[in-house]
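Note that the chains take the letters A, B and C in the order they are written out, and that residue 1 is the start of every chain.
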Amino acid sequence: MADPRFFRAAGPFTVADLARLTGAEIGGGGDGELSLADVAPLDTAGPAHVTFLANPKYVPAFERTNAGAAFVHPDQAHRAPAGMTLLITTNPYIAFARAARRFYPSPRPPAGIAPTAVVDPSAVLGEGVAIAAHAVIGARVELGPGTAIGANSVIGDGCIIGSDCLIGPNVTVSHCLMGNRVVLYPGVRVGQDGFGFAMDPSGHVKIPQLGRVRIGDDVEIGANSTVDRGAGPDTVIGAGSMIDNLVQIAHNVVLGRGCVMVAQSGISGSSRLGDFVTVGGQAGITGHLSVGDGARVGGQSGVTRDVAAGGAVGGSPAVPIMQWHRQTAVLNRMTRKKDP
Amino acid sequence: MADPRFFRAAGPFTVADLARLTGAEIGGGGDGELSLADVAPLDTAGPAHVTFLANPKYVPAFERTNAGAAFVHPDQAHRAPAGMTLLITTNPYIAFARAARRFYPSPRPPAGIAPTAVVDPSAVLGEGVAIAAHAVIGARVELGPGTAIGANSVIGDGCIIGSDCLIGPNVTVSHCLMGNRVVLYPGVRVGQDGFGFAMDPSGHVKIPQLGRVRIGDDVEIGANSTVDRGAGPDTVIGAGSMIDNLVQIAHNVVLGRGCVMVAQSGISGSSRLGDFVTVGGQAGITGHLSVGDGARVGGQSGVTRDVAAGGAVGGSPAVPIMQWHRQTAVLNRMTRKKDP
Amino acid sequence: MADPRFFRAAGPFTVADLARLTGAEIGGGGDGELSLADVAPLDTAGPAHVTFLANPKYVPAFERTNAGAAFVHPDQAHRAPAGMTLLITTNPYIAFARAARRFYPSPRPPAGIAPTAVVDPSAVLGEGVAIAAHAVIGARVELGPGTAIGANSVIGDGCIIGSDCLIGPNVTVSHCLMGNRVVLYPGVRVGQDGFGFAMDPSGHVKIPQLGRVRIGDDVEIGANSTVDRGAGPDTVIGAGSMIDNLVQIAHNVVLGRGCVMVAQSGISGSSRLGDFVTVGGQAGITGHLSVGDGARVGGQSGVTRDVAAGGAVGGSPAVPIMQWHRQTAVLNRMTRKKDP
């Protein structure tokens, strides 16, 4: 059970509630009225808990679980302990994720403006907006209904933030148009100048950065990540993209829908990613490249050429992933010490 | 045109104004009195806009542009559309950068101290200083004329900050002596302890870090970058250096003038860079090294030996750049799959 | 001498004081009553200073130093200038570190709550707690005696922080149980959601992150580093671990005691490090791995397999360090240009 100092479960829910929520079918022992108090992993779940089996590696744990109910793929349903109530679905992990969110919805601070917040009188606040202590809201800012701004965060003049967004504490946002249900974790920096200047021995000359940042619906950006605004065009983060901690997104970068960027990865100026591109941890993509839909960029790789849709690359400089594995194998063969 | 929610152009300026500002000569159609309302790229510029041609790749766009005026190199001037007013200069990009800054000067907050800022009575504030909401200014801090401190930033006891600096929101500065016209973007951390300790199985023992950070004039440091103070000597950032986001500068590091560090690069303790060194994104330089004037360090490379002035290195561990290209080529040759 | 704008030495101390503090034996000129005003390096030390010799490279500087006293290994004592007072110990660096900390103890802000701090009435504050301007302390937070919270920092509901901790300015902490004497540098983010979601073409589904962060005694975490809370299990930072700037620690990661992570390194979800593991700068460890006690991970390496206790690895993907050196040597041999 999650530590009650920090979490409070919203249940109980019945098996029928969760079936309705996830589209799963009730099977096995099959008691739709069974009341479930919490979610739990296979090994610690008890009769009042719902669990799940997604990875075949965990079938033995599934066979032994004491959970009251479990999300499971139809092909694995027969491995369940006798009498257990099943929630049968072709994607048990997604279904479990939805159920877990029902038990533990994102906590939303109560509506209202903290007395110590500084809100420009020209700002337009939707219904149910929550602004925490010492937050600073600039001129002409618009906050959609249900949006929450964390303590000590600063929203610059003119920004538009949609509805039901969660802006964490100690965040800075400027020059940004943001969709709905966006989550910015603590310390995120959005909208500052891009790294654009004319190099000159008498002193580099900064180029004014005249674009914005546009963030689609349902985007999440991890702690201390940075997204620079465009130089003239906009920097764009497509709807549903998930960005981890300490990620760098340079000016004019465009991410499509549903992209995933793992921690400490970065994209240089003006590169464009299609939809559902995944970028591994500490990987880098140089500037002015195109990475196609569904491409996968390996961790720590350094992409210096375009990647086709569906492609997978690894290494620095990055090559097709199978070639990278061959590089690794060749080097290993040449240098593995034979013990006598 | 830049989004008026966020930007306001300062013009109009005449062609003659821009010629005076940049040292360009008026040519082509040659109307010095032509009034220009804004800057724009070649493809979207209209008769009231000034544009530029720097990269030969864009000559076709230059031949078709509808701009009223353009900065252009003397060698390319003959490619201009008939009758267009030219601003002829050997460095059109720098000249355009200067013009763009005239149209869009860095916005400076109005002078004054926000009522919610906390300023120690012993702080010395120059004329025109602006201190935003909830900023905290420590004892004996000195802020030069025209310097602005962003919302929720914290300037530690004793720091000296020069004139016309822009310290962004949510910044932390301590143990620092800073020149003029320095820009710190949101979330920058300057002056905290370096990572110095004596390792010991009974518990590492921290070494007091007794140096400072000295930052030269016209330095810019990007969002969420970190600059530790020296351990005894100072950490030094030379005048005019440009540092991108999420960069790490360790204790005792010395950067010369005009250095450029791209996002997510880092320098370990006590390494010294000469003037105009460029360090690519995600590159790392280990400790106690010397990198000479004008050297170039490739993206993601790992420098473990000194680099001579004018040198260029790549790879991890870094080797001379031509050798690194050969390494890459050899590996590719050995592993490229031949399609049947 | 450290700049008095920023530092104040706590001395003078006698040689006998320092001998008692460090367990060193007084030798050489041997005046236990000699009064020492400060610490200094070999080359700048004068008669009122204590210095040290740790690295044999500096024996010549040791032979010439004007220091009043020096920590030195018994084997090097005979190289001391005639008449100098010696503090003889088998670990002169540790002893000097302890002495330096006596001269320059971590400055502790005076106890008390700044009038602009916002402290929930249900928070429990130990004796001597210091809360700086604009800090925000959530409901049911517990702060141990002598702990200091920096300006503009935010401590989330329910957190427990031990005694004598130093939480820097602009820090965010949530969902965390922290030991004693922990130091968090500016901009650290602890306790936010881990990067956990079920990927789905119709939109990724975030998994509630229901664990905590547990931080042991004497841990230090560098500026702008990020530590996500666990997904169900906890994220754990073992006692005495030293974490540099811009480091990423993902959900469910476990660090043992005394681990060292250099700047910009990162650990993916659910990996476990033993005690006294060292991770070089910009290195990455992928998820679900085990790295044994005392293992050493080279800078920029990418660990994709378990590392045994005492092992050392380098390269990306990481291999045993000797093999990595052979890889480097082989590549160099194949590509080094012979100058004619």
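Simple rule for what comes next: a residue touches a chain if its C-beta (ideal position, glycine included) is under 8 Å from a C-beta of that chain, and two chains touch if they have at least 3 such contacts.
The structure presented is a predicted model; accordingly, all values stated were derived computationally and were not measured.
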Fill in the blank from the handout: The C-alpha superposition of subunit A onto subunit B, two copies of one sequence, needs a rotation in degrees (nearest 5) of 120
Completion exercise
Taking shared numbers over all numbers used, above half giving same and below half different, the subunit A and subunit C interface sides are different
Completion exercise
When centres are defined as mean Cα positions, the distance from subunit A to subunit C in whole Å is 29
Completion exercise
Expected list for subunit B, residues touching two or more other chains, is 116, 134, 152, 170, 187, 224, 246, 264, 282, 300, 316, 331
Handout entry: subunit B contact footprint on subunit C (complex, rising order)
Key = 2-3, 5-7, 41, 91, 93-94, 96-98, 100-101, 103-104, 114, 116, 132-134, 150-152, 168-170, 185-187, 218, 220, 222-224, 240, 242, 244-246, 258, 260, 262-264, 276, 281-282, 299-300, 316, 328, 331-332, 334-337
Fill in the blank from the handout: Counting only contacts in the complex, subunit A reaches subunit B at residues 116, 118, 134, 136, 140, 152-154, 157-158, 160, 170-172, 174-175, 187, 189, 192-193, 195, 197-201, 203-208, 210-212, 224, 226, 228, 232, 246, 248, 250, 264, 266, 268, 282, 284, 286, 300, 302, 316-317, 319, 322-323, 326-327, 330-331
